[in-house]
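Okay, handing you the structure first.
By letter and in written order, the chains are A, B and C; residue numbering begins at 1 in each of them.
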Amino acid sequence: MTTSDTTTTSECPIILDVKGLSTDFVMKRGTVQAVRDVSFSVHAGEVLAIVGESGSGKSVASLSILQLLQPPGRVVAGEVRYRGQDLLLLSKREMRDVRGNKISMIFQEPMTSLNPVFTIEDQLTESIRTHMKLDKKAATERAIEMLRLVGIPSPEQRIKEYPHQMSGGMRQRVMTAMALSCDPDLLIADEPTTALDVTIQAQILALLADLREKIGMAVILITHDLGVVAESADRVVVMYCGQVVEEATAQALFERPLHPYTLGLLESIPGMEDTEDDGQLYMIPGMVPNPLNLPKGCAFAPRCSWAIDRCASDMPPLVELEDGRKLRCFVDVTAVEPAAPACAPAESAPAGPTPAGPSPAGPASGEVRA
Amino acid sequence: MSEWNQSSVNEVPSRGSESQKADETFAMGIALPDGQIPVYDHDETFHEKPENQWLEMWRSLRANRAALVSLVFVLALVVIAVIGPYITPYNPIETEMSNALKPPSAEHWFGTDQLGMDIFSRVIAGTRVSLTVGLLAVSIALTTGIVLGAIAGYAGGWVDTVIMRVMDMMLAIPSILLAITLMAALGKGIDKAVIAIGLVSIPEYARIVRGNILSIKENDYIAAAHVVGLSDARIIFRHVLPNALSVIIVRATLGISSAILDTAALGFLGLGVQPPQPEWGDMLGRARGFIFQAPHTLLYPGMAITATVLAFNLLGDGLRDALDPRARIK
Amino acid sequence: MLKYVIKRVLMVIPVMIGVSIIVFALMRVFSPDPAPIVLGQHATIETIEAWRDANGLNDPVVTQYFKYLTGAFKGDLGTSYYTKTPVTEEIFARFPATIELAIAAIVFASIVGILLGVVAAVKKNSIFDAAGSLFALVGVSIPIFWLGILLIMFFSGYLHLLPSGGRIDVLLKPAEVTGFYMIDALLEGNWEAFGNALQHIILPALALGMYSMAIITRMTRSSMLETLGQDYIRTARAKGISEGKVIGKHALRPSLIPVTTVIGLQFGSLLGGALLTESVFSWPGIGKFTVDCILKSDFPVVQGIVLLVAVIFATINLVADLAYATLDPRIKYSSKKER
């Protein structure tokens, strides 16, 4: 309510509704539950960021949506409704009509995501011809148009080139052109800028934002970089160890993070807040737990400064708060001081107006929420 | 098309075969873009002590069932090679013309050949020849190849050029053709066959050793050895070769199988062992005329060759998997 | 590209000279004296000496070699001691048969090998994979000549389906134009002769190609597995193109790059294997002839054959490298390092 209602996207229809998605990797050493009961939805035209460290399951979740998982990965439960149709129930042929057409994807490794032995033209026109049923000439024209759209100079010449003749940034633009070539409803961008250097990162992000407005598609932006989120997302889903731990509008999340993990993530962004005193970058203490052997209670509890006894034994449920926020935590971090002063984030809460005290719509001040 | 589709991404095959695949996938780090699992790196075993290397090797070999079975088979062959001539039911070189080309029976398990010799006894007795030739030929190739490769790699310059050019020339002629030409020069006989087969496979080993030496010559610990004042020969034998060892062992095991094949080929052409000494290839060559009349004369010696070669190949593959962690992801 | 080809061709020359020295040394220095073999047991010392003089065998070895070398550059490889026919004629009368067989074998090996390799990789750890691996393992372990014998036993002796030897029925032999009977038969429009030649070539090609097929299967499988794990395969799938296209185009083409090199090497080794296959199937090619000539110390013929085989070997390697470069756009001739 009070936090952020500047976006209007939530009034737009939901185009992708993920419910209770669970993905397992069954291996000799045991089963890894890479994605555990994940739910979120994407409204038409909005940018939803999925944030988490490596191993949080965000990439696996996105691959699960398009069913691009390789064995031993396997979706074991849940539904992925795209405009009401559960994608998990589609036949392979029907699924192919969705991929690259209605929902397309950009991957994090532009250097290796293009096939080295085919020209850009070949790789770009492939999906255009498949989905838009254009002939070769028309497809090439469309491909050149797309290359121009993503800002590749002299596309008529570059389209004849092979990937190795292009820089990383150019290749990511090609990947983007490829993903957008069939006017998708939804673009899943999996760490689209991670492998690129900073200036190119900014260019690609600006390009994505620009194109989103032009084409009017929704974007799922998968990243570990909250800086990227701050720049471009409308809403944010924070994942940890395969679970959603917090969901909020981007503004609300940055102003008033509610999950200790989100807090930690925000703290560790360089230049995000004024760490004028020591200049040291904050790091969340401890390690991501072994996915084969997750803690019984909250997966973040072992690293959490706020953890109470209950966190180790019970799994906190994902609770819906006011204004559509969701949170998986027993503790109200806005009201309680962290227990371990060694990694105290109390003084350096995020750049929002005020860290803790006067949050008007904060959850009922109290220790335990659920 | 539909056939390909079966392997599509979200399909889940049976679990048993899955698990192994999963581990491999994780070792490669491809399945999970954000590195779901701490990747258990098979780090370079380069600097490890040889003791560990042997132990490690044995452990991985033990895990490979096919390799283990082939190891047992190879050991059994060695036993047969040693005691074979004493346990044959008949004298393998005793002819009995009245009993020629008899099909397998209770008396003659594999039948008799065109001279009435007991094929079973000859197959058993032939094991010794094949294994000996295989081992000796590989030993010749190995020692010569290691020395030449080490000199070439270590000395560099024109020495390297000369040695490797000669190796190239040898590789420019199909090995069996070169071996036959050598046999013509040296004359017939099993000892000559050993030399011919050994000589033609020198280049392989020389190349491996040279390549290894070139790649590790620049390593710090070799430089350190130099600083400490170790002699070149000592450095080669104490530091460089142990590092190339795993590749050489694998290559040599596979080399034994090709040496056995070459021996049989020379025997088949009548260039190897001279009769009546039993040798598998020679047995095949001499019984060729009876292909329709008495197929059994051609069946068992061929099976013996194939089984032996197969065992060494399996063992070589198993060793490669055990010794080279990177090969395991294949 | 032409520059690269020329450079490679020039690089072959020293190797060829080296090969000729090796063979020359083996034949003239170490091999038994051909004179008594050629002239028979009853030759006198005088006739032997006269023969040796006539054939230049009493000259110093170095002189003999240079004579041979200058002749070779002019295309004269000497004459056979036995038939008194020029070596080049002897060789070219038999060579097409061997090349025809080798081509048939490599075509079989490549097609079946790549197919099996792809299926094994795509259906990794399935029964197909296991069967393919086993097949490949047996393929590299079975002696060519024994396989040939088994094939004859089964297809000729038992099924009476295919001929057990020879290139073609004498009555159907087409007029020699190229020396490749199958092509010659087609040129004549003689389908019966073509079919007959085809029937004759199947078994020897199978026997000869089996080893190469096994090697190609293994190479394709491992190369394909590596490719299937690449990011660009995921990209291709994300495009929504059919799985057949993902495998048959995006995965296959990069996978074939290392396979072409292997095919080239295998074609070279087939020439060696032809020695054995030809003698099993009475194939009137150069293989059986070579063995006979080596055993008879017919120096000029052996030298000629070995040189020719080495030239072919080198040519095939060059062709394989060029094929490699057309498949892999990242390869530039100019920046390519010497082998």
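Miscellaneous remarks
Here is the rule we go by: a contact is a pair of C-beta atoms (placed from the backbone, for glycine too) under 8 Å apart; a residue touches a chain by one contact, two chains touch by 3 or more.
Everything numeric in this text was worked out from a predicted model, so none of it was measured.
For the pairs B-C and A-C, the larger set of C-beta contacts lies at B-C.
Chain B has the C-alpha centroid lying closest to the overall centroid of all protein C-alpha atoms shown.
The chain with its Cα centre farthest from the Cα centre of chain C is A. Measuring from the averaged C-alpha position of chain A to that of chain B gives a distance of 52 Å. Rounded to a whole number, the gap between the C-alpha centres of chain B and chain C is 23 angstrom. Work out the mean CA point of chain A and of chain C, and you get 57 Å between them.
Residues of chain B found to touch two or more other chains are 5, 8-9, 13, 20-21, 25, 30. Within chain A, contacts with two or more other chains are made by residues 68, 70, 92, 107. Across the assembly, chain C contributes residues 237, 242-243 that each touch 2 or more other chains.
On chain B, the positions that touch chain C within their shared complex are 1, 4-9, 13, 17, 20-21, 25, 28, 30, 165-166, 168-170, 172-177, 180-187, 257, 261, 264-265, 268-269, 271, 281, 284-285, 288, 291-292, 295, 298, 301-302, 305-306, 309-310, 313-314, 317, 330. Residues of chain C that touch chain B in their complex: 14-16, 18-19, 22-23, 26-27, 29-32, 122-126, 137-138, 140-146, 149-150, 152-153, 157, 164, 221-222, 225-226, 229, 237, 242-244, 246-248, 268-269, 271-273, 275-276, 279-280, 290-291, 294-295, 297, 302, 306, 309-310, 313-314. Contact residues of chain A toward chain C in the complex are 66, 68, 70, 92, 95-101, 104-105, 107, 109, 112-119, 126-127, 130-131, 162, 164, 175, 178-179. Every residue of chain C that touches chain A in the complex is listed here, in rising order: 230-232, 234-243, 245, 249-250, 253-254, 257, 327-330.
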